[in-house]
Amino acid sequence: MKKSMKKRLSLLLAGLLALAASTGCVGGAEAPVNNDTAPQTSTGADAGQNPEPTATAPEGAGTYKIGINYMTSASYVLVTLRDNSVKVIELLGSNALPIDDDANPEKIMQDIENMIASSCDGVIAWMLVDQMFDPLSELCERGKVPFVLNDKVPEDPATISNIKANPYFAGAIGPANAVYGESVAEYALAKGWKTVLILSGDAADPTDTPRILAFRAKFEAGGGIVLNEAHAASTADIQPTIDNALVAYPEPDFIYATGPDYSNASCDSLYGKGWKTKVLSSGLDSTSLERLADPDSPMDFLNGDNWVAGAFSAIILMNELDGNPLLDANGDKVWYTDIMPFGVPSAQYDLFKKFFIDEFMFTAEELSKMRTAVNPDFNYDVFMDVVKNYSLEERLKARYAEGKITKAEMDAAGIAVN
Amino acid sequence: MTRGVKAYMGDLVPLFTLLALTLFFSAATKGALLSAMNLNNILNQSIPPIIAGLGMMFVVAMGATDISTGVVVALASYFACMAVTAAGFWAAFPAAILAGLCTGLLIGVINTRFKVPSFMITLSFVISVRALVTLMLGIQTLQIAKPLRDLFNGWAVRLSVLAGLVLIVVYVFNYTPLGMYAKAIGENENAVKYTGINVSKVKIAAFAISGVMAAIAGVFTAARVGGVSTTLGTSFEMKVMMGLFIGGIPVSGGMGTKVSKLIAGCLMITLLESGLVLLNVSGAITQGVRGLVLLAAVYFARVVSLSIHNRAEAR
Amino acid sequence: MTSDIVLSVTGIDKHFGATHANRCITLTIKRGTVHGLAGENGSGKSTLASIISGIQAPDCGVMFKDGRHYTPETPLGANRQGVAMVVQELGVIGGLTAAQNLFLGKMKQFSRFGVVNVRRLLEAAHTAFAKWELPEVPLELPASAFSIEQRKMLELARALTNDPDVLVLDEISQVLSHDNRRVLYRFIDNFKAGGKTILMVTHDLEEMLAICDEISILRDGALVSTHDAADLDADKVKRLMIGREVSGHYYRMDAKADYSPDIVLKAEDFHVPGQIERVSFELHRGEILGVCGLSDAGIHELGTALFGLAEHRTGRLTYIPANTELKSAKDVVKTHGAYLSKDRDAYGLMLDADIHSNISLPNADRLSGALGFQNPRSLRALSEQAMKDYEIKSSGLEQHTRRLSGGNKQKVNLSRWLVKDLEYIILDCPTRGVDVGVKAYIYGILMELKRKGVGIILISDELPEAMGMSDRIMVLKDHRNAAVLNREADFSEERIVEVML
Amino acid sequence: MANIKALRQNPRVRAQFIIAAVLLSLFVAMHFVSGFKLLSPGNVKLLITQSVFPAFVSWGMMFIFTSGIVDLSVGANCILSANVGVLLAQYLGLGYPGLILGTVLAAVALEQLTIFCAVTLKIPSWIAGLGMALVMESATTVGLSAYLSGTNILWLDEYRALGTFPAMLAALILGAAVSMLISDRTAIGCNIRAVGGSPHVSGAMGIDAKRTVILGAVIGAAFFGIGSVFQVSYASKFIPVAGLGSLSTIFNPLAVVLLSGSFARYINTSVGVLVGSVLVTSIFNMLTLLGVPSGTWQQILLGAIVVTCGMISGVHTKGVVK
């Protein structure tokens, strides 16, 4: 009896250890982590002396272990944002350590602490709400680890100046959330629609709230009427919430859903009702895009930037770690919250899928050029040009220039090329 | 081995498990686990669950359930932040404690006066109080000012509050009638009632203590993350509960409820979360590995305590 | 099959850890008889009963039933071989209805394609009670709603659904009230008349002598001897059980009521809806006031209500020396009162806690100082003192109460109150489930308390006990105070039963 | 038999009438207040459709919880097994059999893992459930991310006939009938309660406790597996969650189980689950119709209603309440 128990126990433990070890290796398999035992390497100079630079990292550009926190593994939005950072880091020959925050604000701080303790050279930070930025900044300063703000950027002036004063602050980049909402409102007003149901998640979600506020301001100023703002308390509640709202407010002109989960639930709810109601949303996931391309689907408008902030923030951090921070004319770090969303017309869907979803939107070559250590011409202004010009068309043109897209395909997509 | 020693050994099992986990992770991380900075982190991260657990222990000792801890964290930190904004610095703890106390008293009164099972009450609190915080907080940003944050995050306050609370709870739990009654209710509520003890009062007190401790944990949590948000403390109660039960506190409560087990359990969980990051286990799979290791740790502790028990029995 | 020996056990031996519970017991039980097992607490009679019932397996030894090997590995196995039991370890399950409890594990016989025919189940349940003229319990209600007597009747009916040749009854009459005991005795007669056999364990020697045909006496796990009941009397049984001469009486000897005129407790118009109807009485210093009545007369409810645990209680209960009204259990404890519930395991002890915790529980408040501080040493000293003063046999203060014998459990239960200076105490069947030795010991304690001037309310299901110990007896009938009888004048069984009915 | 008849006319029946009357008048009143929307055919269809999942999960949990296992992994289990079913049906081309059998078998198998931890490894069921919830959530997200690109949701595009109204209505009625049949009219239903009540006594009565708990879990998991099939057919997806977010999936069913348990004195538990599920679903629907904001006030009111129901049922509760 006791013997069999012991055997079972040891088997179980052995299995666990193997699992833990194997998953541990996955994280570090591509390049051994050099900084395991080394003290904090906070500047590029230190990291540059790294004894075993990997093949893809040229002279002067170090390899780093970079921590990325992301809210939850269960959201396409947040996972894509994470993956964009991870891909940039990996394409540049460094190692990413993405940590799941378990959808928990306390865990965000805990994860950052743990990243610092596990000798990450830099941190790509995603903070849930404004008040978390100050603690983050202090934490990284104490740990002497450079950090970049990814996607979420604070609005409070005091917080902003605190962060900018932090020597370990590398930059901040995020989408133009208000523009997301406004462009939906503009589109609807142009179509002459008057009534709307808004479907969103948590009633105080920091991403959705500015979008909704901007949308309401614009739409109501244009004479539109918001029938109801429906908030789902959890993912399981999304479907019933929109179902119920559509009983209470039947056949609105359109539904403004703030993200993929909500737009898809809205489409499902409208399915078979035979209403003229359309769905307008943000977030470029494949299901939404396929529905947009389908003339029978109520999905009518989508915008987004494919969560590119994740990629840009990684570039900012890599340059910072190389010892080549991106500084503007005043010597300030990147602080940009206006990444513009774009729409994906159905004619361009196939190309979008190929070059944004199946492949990465930047090539390794493009990325390596965005590193001053490799390409001395790269600087703040060049970077800002890349950011400001970023759009579906611009990206497709770049692929065209590389010969990956034919002229015929570009014409079919309605993009003029010379 | 005498019975006394046996009981003592049984209490030590969670500590052994903790030690085993520590050894494993420090070996696997080549000592990084025990670096000064990481020890700081582990302590830091364990403080809120330990504090909340100190309160929840009273409820668990009675064999009752309190899953409202997470929402009390959110509610209390909301009031703490409001009080700081409105009245100043000093008001944080009183406001939070008052919020926690009221919630706990309410749960206790509904439980004893209206005979509603505590699991049901606290479940409905989880559903509704979270929504209440969302409603009150709305889109405003409630920040905890830097000096206050520094104070709460500073070693002096953090450690002294933790040590103070541990001492107070050890005292109340082991050296006063209240603690004894709470444990006795877990053993046999009727027996307690039939010795002339006002069981309702004890229960209300236990829920109130649980609420107050959750509130204090809430202030520390808010200080750590800089303020309140609507999702603050989400599934925090499950973390605390895991800490309690992994430490070996019986689900049915009673005399086996010990402060040392709670502390060992909470440290184990934090250690696990931290250790996996140090091992570069990343992404969604971390959660699964954590679940498996938790199950293994509980199983291990059970097997060990069983074999100690059997050996003592055989003599 | 026609042999007159239905069951024989040979060389049964059983150890529990260091305890040698049964020592090579060899015993034969004759068909169509009631066979009693007598012995002190811890003499091994319950162990033997549970081995025969298949609850415990013997370390060695064999058993034969109807001349064939009898190997009950489980109670179910025993049932299949014609042995059924009503024992303490196998209660009823509160979440199930009475009918489901009756046929638990036998649902298949009412099932077709796995679906139970509820009507047939209820009919069968009804028949099970009717067949032996047992008082039927509400069949469709969950057993959690039942009183302890109803539960016992249900257990008895459940055992009988197996249609056993041998029925093991372990201390069943202990929980039964006077009238239900009569039902039990009538049943035993009927059962025996059908040529079936009963193996009975009881602490009530008078009862045992009255209904058993043969009595086997156990001491320290070994069989002393087996006798015809006709050859025995109570003193002889006691002597055999204890192994030495014991005084013939353990009740008090004096025939006169003897107590101080000072009143300790005074109840006026004491009323609990549906339980107690306007009861008034006075308890004097040094008085033992017996309380008797039929099963539903409300005697046990009176105890609970006096202790302040009944809901919607009206009327006054006053502690006269301080002239304070007692409204809650706390008031009773504060005025140096105490209460002992009838159901010791459910309402008295924390069975899975150690002796120390159990003794400390009612004294914690009293012994705590500033800031509620309890000195572990003084608590421990108290427990040690209680253990010593009341001769609790155990392996130490850390022993779990569950492992103690019934008598020692009751000593723990009593001693924790007696270690403080009491003014009055309400005892509900204090000798339930304890052996003669402890019984005598408890009566001794009562006399000691009486001498100290403590007022005692002795609620009892056993008339001899009430008559033997009380100065006055209050008889409740239909929740009312029907009469208060005096030791000198009215103490006879006929008189009391007359008032009861 | 007279005895039995008398019992039938006990306060229980009266209480059932009162509860039915209160609920009915609530619905009728709300129908008028909501501008004749609540009981409109379309909305009644919706209410029934939405009730199916919580009802099946509650029935399932009822069987598991009654046997003494508090399993909090049910939500994670539903999500994982539904996605397994969709994967088999659509991506491996197994159609309806794949969807239904795949989901139900996955639910049963996963539940057996939890039960193995709780019963065989003797890990307290709370911990076993939470631990397995962590593992299952992680398995869902990791598994799906390996399979999908451009989204993290596995869509059920075909094989959605079970999500239509007639199927949902039939499911609800059949579910209640089968649950009632199993829990009240079969030996296993009785045994589950017996084991939950006292493993020792039921063991002595020849009931194998371990086997009963395992069987109870099989029945329970089959119920919530079927519930997941209907849910995924109706909503065409079962969005994965992480970080113990699956717990919020079962908050409403948990409330339903507790409610039906506390009204067990008056209403058969299986029927109570049905009524409770429709009620909880309707509360959100009603409040939306009344213009009460979702995500805040609706949840606050649900919490208040659960506690109030608990208080009402607690009026006659005697004895120990934990």
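Going by the order they are written in, the chains are A, B, C and D; count residues from 1 in each one.
FYI, a residue touches a chain if its C-beta (ideal position, glycine included) is under 8 Å from a C-beta of that chain, and two chains touch if they have at least 3 such contacts.
Being a predicted model, the structure only gives us computed values, none of them experimental.
Participant: Please tell me whether A-D or A-B has the greater number of C-beta pairs in contact.
Facilitator: Taking the two pairs in turn, the one with more contacts turns out to be A-B.
Participant: Just how far, in Å, is the C-alpha centre of chain C from the one of chain A?
Facilitator: That gives a centre separation of 72 Å.
Participant: Where the centres are mean C-alpha positions, what is the separation of chain A from chain B, in Å?
Facilitator: Chain centres of chain A and chain B, defined by C-alpha means, are spaced 34 Å apart.
Participant: Centroid from C-alpha atoms only, then distance chain B to chain D, rounded to Å. What do you get?
Facilitator: 29
Participant: By the touch rule stated above, which residues of chain D touch at least two different other chains?
Facilitator: Residues 137-138, 141-142, 145, 242-245, 251, 295-296, 298-299, 319 of chain D each touch two or more of the other chains.
Participant: Two or more other chains touching the same residue: where does that happen in chain B?
Facilitator: 130-131, 134-135, 190, 234-235, 283-287, 289, 292, 299
Participant: What is the shape of the graph in which nodes denote protein chains and edges denote touching chain pairs (line, ring, star, complete, other)?
Facilitator: other
Participant: Show me the residue ranges of chain D that touch chain A in the complex, using the header's touch definition.
Facilitator: Result: residues 34, 37, 40, 42-43, 46, 50, 75, 137-138, 140-142, 145, 149-153, 155, 234-237, 239-245, 248-249, 251, 281, 284-285, 288-289, 291, 293-296, 298-299 of chain D touch chain A.
Participant: Give the list of chain B residues in touch with chain A in this complex.
Facilitator: Interface residues on the chain B side: 24, 28-30, 32, 35, 37-38, 41, 44-45, 48, 130-131, 134-135, 137-139, 141-144, 146, 149, 153, 221, 224-236, 273-274, 276-287, 289, 292-293, 296, 299-300, 303, 307, 310.
Participant: State the interface residues of chain B toward chain C in the complex, per the touch definition above.
Facilitator: Touch residues, chain B against chain C: 2-4, 7, 171-172, 174-178, 180-181, 183-184, 187-188, 190-198, 254-255, 313.
Participant: In the complex formed with chain C, which residues of chain D make contact?
Facilitator: Listed in rising order, the residues of chain D that touch chain C are 1, 3-4, 7, 66, 181, 184-188, 190-191, 193-194, 196-198, 200-207, 319.
Participant: Mind pulling up the chain C residues that touch chain D in the complex?
Facilitator: Those in contact with chain D are residues 55, 74-76, 89-96, 100, 104-105, 107-108, 111, 114-116, 118, 122-123, 126, 136, 138-141, 144.
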